[in-house]
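Look for subunit A in each of the two complexes below; its partner is subunit B in the first and subunit C in the second.
Entry: the complex of A and B
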């Protein structure tokens, strides 16, 4: 029974992995990759690791793949064309390297004798993982949190556009210089004489526009 | 009754890793290469879980947990880099991004 399940999910994983590489459209590759992740989660359940299986589905098939599919949709990726360019020799190189790697693994698996152990039952539960993670392996856990913080900062720095100010605005540390048209609704749109202030409210005060604002409030009430 | 052996899982993991390496070498689309890297990380995760299960030691699963965190961080930063490259070059082909300067 377990052998049948292994063959089913292992075959599914390998088939989906081949589809990831073979597909030209990145979106189809992403869908195939979800198949790999889910069949690996099933294998984790067979290996008595239900916690890791759940995390695999949530983090990989959920979060990471949503991010990848989102970026594919955002960038409107076209299908890649084959056979163009100067890197054609890479295909036989890749196949040769893959054959060498498979041969090495087969050699190791044949020569190394079989371990006479069987899958455990109580190892992969959330309790045992949590108790180890928060006692003996607390330092790697904390380092991981710093890594995530760095990833957040890095992703935001990389992905943001220039800023929210208009292209006419100049930013000096401590002081923002705004074009007059940005703060004064009555100014001409091409009036680029600078207004220097820390904030829009300060600029409005400099321009004598606070009366307008209080007048608008009075009209509302 | 026959049970799946440790070597079966290792062979499956090696096959997945090899497919991932092949994809990284063959593919030219940055996002496709990125997905092949995820595939390789998953192959290594399978090795960790198989060893953890057969040696009845939970440490392997802790490693998988940390590898997943690294993969999530890698996804966030990597996709940010991909978006930045696309903004500058209007292309996701790695051949177009072979030099780092604009």
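Entry: the complex of A and C
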């Protein structure tokens, strides 16, 4: 029974992983990746680690991949054309790396004769993970959270740099389209300062830029 | 051999639970139409059967017999997959809820647990499966090749990601008090005070945040922006017809039902009815029956609250929705966790 389930979910994981690489349409690749995550979660459940399985589904399938699919849908990425000349060296590299990986697995299968199955210790249960995480592995846990915080701050900084406007400036989407030279951080003046204004036009006047809309028109023509 | 019997029994239990849930869902739809009719001063469907009691079956028949229209330029495979994902994810959460205590069949010594599966990670399972459900709506919006559908899909994914955070965080206070993620144990712990030691009395703020974000998670009024009729025709299911539309419809109502069950389980004491234990004694058939009916009653009351809200409130604007979720609900949920943790730290014996 367990072997059958293992073959089912393992096969599903491998099939979905192949589909991630093989699909031309990025959305299909993303959905296949969701399939990989879900089959991996099923394998975790079979390894008596339900907590890790649940976290796998919630974090990867439920949050990260939703964002990826969201971006693909938002940008409406077209299907990749077949046979682009760019990045050709990647194909042999990928084959070489895959060969190394398969060789490693084969090596393990050949050398390790005896598979020892440790008795179920409740390692994957909520209680044991929680107590270990907050006692023995507290420092790595906290360092990881600081890493995540840094990533958030970094993303915020990158997103803010583009905008010349203060957080209080209310920009109504669709009313004014900012020309690329204005939102490009390189095009911003050196003495970048935050201003407070009620509208895009007001902010532009405070910043000493001429009316953004007329500038945008000039950019276009 | 025993495992085979076990598997068959589980299948029977799952089928029974699904049939019961689908029946309740079908009559929720009818109740919604009748109650909305009452609120808006009209009759609602009352012609099929006595007082419209057969209306759900008539609707079902209509859905099956309607022509199934598939848009030419749609992405076929995903277009068919999307309603299946939505319905399956909605139904899958059903197996972890404790519908009642262990019930003993009269004149025999056989006891049946009224839970299909007791999982150590029950609550996380529910949250995980719910987070899969958003793919159904997103992919439906994308694969229909229609700009209204796409807008609906995008809105719904943004909305569900945002409110999932507040929803998950609002549950942490209750989980801190219960000390377990197993929904069965959470209910057992609320059986003190003659069956009235409900977590809502310790977690009023958490309950309110949960209810609001649950409405947003299920895309109901006043947060039904993914299918805002006045702006997006019908949102993500504009291009769906016949049974595929019915599946989305079904998924929405099952989701309503599951969030109502989760609220009941975590905050309203699950199947604990006041004084049921002292009246009937634990483990008797009557106790089991009264408890299971009490669970259903609480769920139905929450469903009625949903319908009431739908008849009362206007729809949010999208930026208001986002601001409300991120700037009000999320900080409040964090505050709730902070207060609960502090209270547990200061009075460890009280809880």
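Methods note: the second predicted complex is superposed on the first by the 146 of 221 C-alpha atoms of A that agree within 3 Å, B and C clash if a C-alpha of one lies under 4 Å from a C-alpha of the other, contacts with A are read in each partner's own complex, and residues count from 1 in each chain.
We take it that a contact is a pair of C-beta atoms (placed from the backbone, for glycine too) under 8 Å apart; a residue touches a chain by one contact, two chains touch by 3 or more.
This is a predicted model, so every value here is computed, not measured.
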Subunit B and subunit C placed together on subunit A: clash or fit? fit
With both complexes overlaid on chain A, does A:73 touch subunit B (first), subunit C (second), both or neither?
second
Inquiry  = Quick check on the superposed pair: does A:139 touch subunit B, subunit C, both, or neither? Answer first, second, both or neither.
reply    = neither
Looking at the overlay, does A:51 come into contact with subunit B only (first), subunit C only (second), both, or neither?
both
Looking at A:63 after the superposition, I want to know if it touches subunit B, subunit C, both of them or none. Which is it: first, second, both, neither? both
With both complexes superposed on chain A, which partner does A:31 reach: first (subunit B), second (subunit C), both or neither? second
Notebook entry, point to check: Given the touch rule stated above, what does A:40 touch, subunit B (first), subunit C (second), both, or neither?
Noted result: first
Partner touching more residues of subunit A, subunit B vs subunit C, is chain B
Smallest inter-chain Cα gap (subunit B/subunit C, superposed on A) in whole Å equals 13
Overlap of the subunit B and subunit C interfaces on subunit A comprises residues 51, 55, 63, 67, 74
In the complex, the residues of subunit A that touch subunit B are 2-3, 6, 10, 13-14, 17-18, 20-21, 26, 29-30, 33, 36-37, 40, 43-44, 46-49, 51-52, 55-56, 59-60, 63-64, 67-68, 71-72, 74-75, 77, 80, 85, 87, 90-91, 93-95, 97-98, 101-102, 105-106, 109, 112, 114-115, 117-120, 123-124, 128-129, 132-133, 137, 140-141, 144, 147-148, 150-152, 154-159
The subunit B residues in contact with subunit A across the complex are 2-12, 14-23, 25-29, 31-32, 34-36, 38-39, 42, 45-46, 49-50, 52-59, 61-62, 64-66, 68-77, 79-84, 86, 92-93, 95
In the complex, subunit C touches subunit A at residues 3, 78, 119-121, 124-125, 127-132, 134-135, 138-139, 141-142, 150, 153-154, 157-158, 160-161, 164, 180-181
Subunit C partner, complex, touching residues on subunit A are 1, 27, 31, 34, 38, 41, 50-51, 53-55, 57-58, 61-63, 66-67, 69-70, 73-74, 125-126
